[in-house]
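I'd like to ask some things about the structure below.
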Amino acid sequence: MVRLFTRDSAAFVFLAPALSAIFVFFFIPVFASFLIGFTDLDIYALGDLSKVRFVGIENYARLLKDPLFWQALFNTFYFVIVAAPLSIAVSLGAALALNSKLAMFKPIFRLTFFMPVVTTLVAIAIVWRFIYHPNFGVINYFLGLIGLHPIDWLGDPNWAMPAIILMAVWKNFGYNMIIFIAGLQSIPEYLYEAAVIEGANGWQQFKSVTLPMLAPTTLFVSIITMIGFFQLFAEPYIMTQGGPLNKTLSIVLYMYNEGFRWWNMGYSAAIAFVLFFIIFTGTIVQLKLQNKG
Amino acid sequence: MYTKKTFLHILLFISAILTLAPFVWMLSASFMYDGHASVYPPRFIPDQFTLIQYKNLLARLNLARNFFNSLFLALSVSLISLLFNSMAAFAFAKYRFKWKDKIFNTLLASMIIPAQITMLPLFLMLRYMGLVNTYFAIIIPGMANIFGIFLIRQYAQSIPDSLIEAARIDGASEFQIFKEIFLPLIVPILVTLALFTFLGTWNDFLWPLIVLNNDSMYTLPVALANLMGEHTKDPELMMAGSVITILPVVFVFLFLQRYYISGIMLGSIKE
Amino acid sequence: MSRKIRRQYAQGECYPLYLPINEWAPFIIFGLQTGSELLKDNNTYGNFSSPAFKKAFAFLIDFYHQGLAPTGLTQVTNIYKAFSQGYIAMYISGPWNVPEFKKWMKGDLADQWMTAVLPSPDGETPGYSIAGGSSLVMNRYSKHKKEAWKFIEYLSTVSSQLTLFKLQSDLPAVKDAWNDTLLLKDPYMKAFYNQFRYVKSLPKIPEWEQIAFSKVQQYVEYAARGKMTVDEALKKLDEDVNKILEKRRWLLKQKVHGKD
């Protein structure tokens, strides 16, 4: 009994630093944020707490009527719905190519494709801002070479989001590629051999063996990609500041502007919770779809 | 078969070139004089090689200071969180205690909460403590993280309990077991996690942007974003800044890539 | 005049006026010139739909619609270069930009440009501008009031002000400093000196930053790109501004009640 007690307390000692840090600097803020979302905490209240009002669900009601919020919501969904599948498809393609028995120099290619993942997003966004320059940018130069007209990538309301999506796919596909390679390597060889005996061609093998066997990996990859992409911030902050015509304003950028530029903290906290709700729902839906499938 | 192989390699080479092109242009432009990168057609090789942009950044614009901030913060956060996370992971992996599974599952489930939610109250807390615009503003929220605990625990499950029981019989204290048996056995995952944390802290933008508010405290990404405001017209200077920001993480990654990639795999194991 | 410039350079892409859609200042300046009150009722309601402001706003928006000012931001990454190449002919800015323009307007171009005071609606120059710059403030709770005041005194001496001007073209706020030859000799500073006597100040409320940077700019862009008419844009602008100022109205009401 004594022994058990000391071991219990040892466990407690080992847990204490991390758990208290997480409790104080993560769980309490989450809870506090939830409360702040029901107040009008703002620049006046920062100086004098008596100027805070409890406003109930007013912030959320205002969000529903705020065209800029709907715009941010639409933009973020546009980004996630296009960029996530695209990036996953590119990742899978790269993984398949690198997993092929025919491929040579695999480690070098793998390293190359992975390079954008580890590099600093802010620096990358700055580089791409110049790459997208309408007159001197590298991309328009290549478009010109194949006879296409230059595009004002970041200045045209219709092209700004596609430009950000293209960059995000380039930046992120390496990460999922690694996970897919691991998934592909865990598919037992005899499944393919059986398929070959049944006369399946390459495409049929891919459809009837590879894809089903990769399903759990794909689910994991789509969930983490979705969660990450919903938090879009640095790209529009650096490249477009949310413009033109607010077409690249993301939820997190709107939250940042409201909370930390204009100090409308109650409103900003409400935006953050909507983001949480969306991510939470998105994850549940994907898990459900998978179970059904 | 032969044509298939050729086709595959052409595809791979083109993809590799497309992946590397932005880096090549960045590097090249960073070695040019003012205005030499704003030309049509774009140059992939500097017409006249110069280090003037780097000199300006480090000497006049004091980017060396920001480099130091980034390095110091990334190292401190990595070291502290490594210690805290591995202690907690040790408890979760090798002890039986009340509510263990409940606590662990709660932690796991809360990984879905986006960090942005905590930022406002955290900022207000740090402001109240007078820690905004200090190194502590970055270090404190980074002291422990759930993913780190999860990753180490995942790895530590494979350590046989008998090893620990044996040490106990030999009279080793719990802390000795942690230090002399547990830690040495989990070195590979510690390297991985250190790498994740280092790169994560180095590359982080939103939080440092919120809590650091002057030139001498900025980390590199924030300093760079701030510089962009005034120097939109100077691609050469901005590219040199990007190189300075990216180069350290690329080097760290190249040396330790094995650990990084195995970490991604371990992190993706489904519960 | 802009149309005249336009006609002179009919071929090629170029614009008489550079009016970046992410700068609110010109719109507020012209609004002040037509005598509009930006906010009304003790700065508690937006007043941008007033005829006076609408006149100024519509006047400037028309530059975009007639192709006299570019609506994009990405083309002009370097305004100095764009100016020296004749892509733009006029730009509304402050003295801090003069040194950089001097750097780019070299050789033949050196004497081909000048600064001017702002025009006014009735043709009598100069028109009003906004009092920019920053103020020196001493905090009521400061523990070093004496030192702070000394520092303010030091910054307000003629020599300190001139040093600041030399370093970053900050115009001296102390009138005596203007007698210095450094400023008198610089022809590009003359306009700013003359403009100095014709300035109005902006509403002094904490919400102004958000109103100007976030809301005025947003609706300028919407109107400039033809997504909204001038009337719509200003109506929405007032609506948004009224929402922002709700807290201020409440606070003022509390104050009145508190005194009762």
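Going by the order they are written in, the chains are A, B and C; count residues from 1 in each one.
Following the convention adopted for this analysis, a residue touches a chain if its C-beta (ideal position, glycine included) is under 8 Å from a C-beta of that chain, and two chains touch if they have at least 3 such contacts.
The structure presented is a predicted model; accordingly, all values stated were derived computationally and were not measured.
Trainee: Work out the mean Cα position per chain and let me know which chain is farthest from chain A.
Mentor: It is C whose centre lies farthest from that of chain A.
Trainee: Weigh B-C against A-C on C-beta contact pairs and write down the one with more.
Mentor: More C-beta contacts join the chains of A-C.
Trainee: Chain A to chain B: how many Å between their CA centres?
Mentor: 16
Trainee: Taking the mean of the C-alpha atoms as each chain's centre, how many Å separate chain A from chain C?
Mentor: Distance between chain centres, rounded to whole Å: 39 Å.
Trainee: Taking each residue of chain A in turn, which ones touch at least two of the other chains?
Mentor: 133, 135
Trainee: What positions in chain C touch 2 or more of the other chains?
Mentor: In chain C, 77 touch at least two other chains.
Trainee: So which stretches of chain B touch two or more other chains?
Mentor: Residues 38 of chain B touch two or more partner chains.
Trainee: List the residues on chain C that touch chain A in their complex, please.
Mentor: On the chain C side, the touching residues are 22, 72-75, 77, 206-207, 209-210, 214, 218, 221-222, 225, 227, 243, 247, 250-251.
Trainee: Over in the complex, which chain B residues touch chain A? Could you list them?
Mentor: 1, 4-5, 8-9, 11-12, 15-16, 18-23, 25-26, 29, 37-42, 83-85, 87-88, 90-92, 95-98, 103, 107, 110, 112-114, 116-125, 140-141, 143-146, 149, 174-175, 178, 199, 202-203, 205-206, 210, 220-222, 224-225, 228, 235, 238-239, 241-242, 245-246, 249-250, 253-254, 257, 260-261, 264-265, 268, 270
Trainee: Would you tell me which residues of chain C are touching chain B in their complex?
Mentor: Those residues of chain C that touch chain B are 77-81.
Trainee: Looking at the complex, which residues from chain A come into contact with chain C?
Mentor: Listed in rising order, the residues are 40, 42-44, 51, 53, 62, 68, 132-135, 152-157, 241, 243-246, 257, 261-262.
Trainee: Quick one: in the complex, what on chain B touches chain C?
Mentor: Contacts found on chain B: 35, 38, 232-233.
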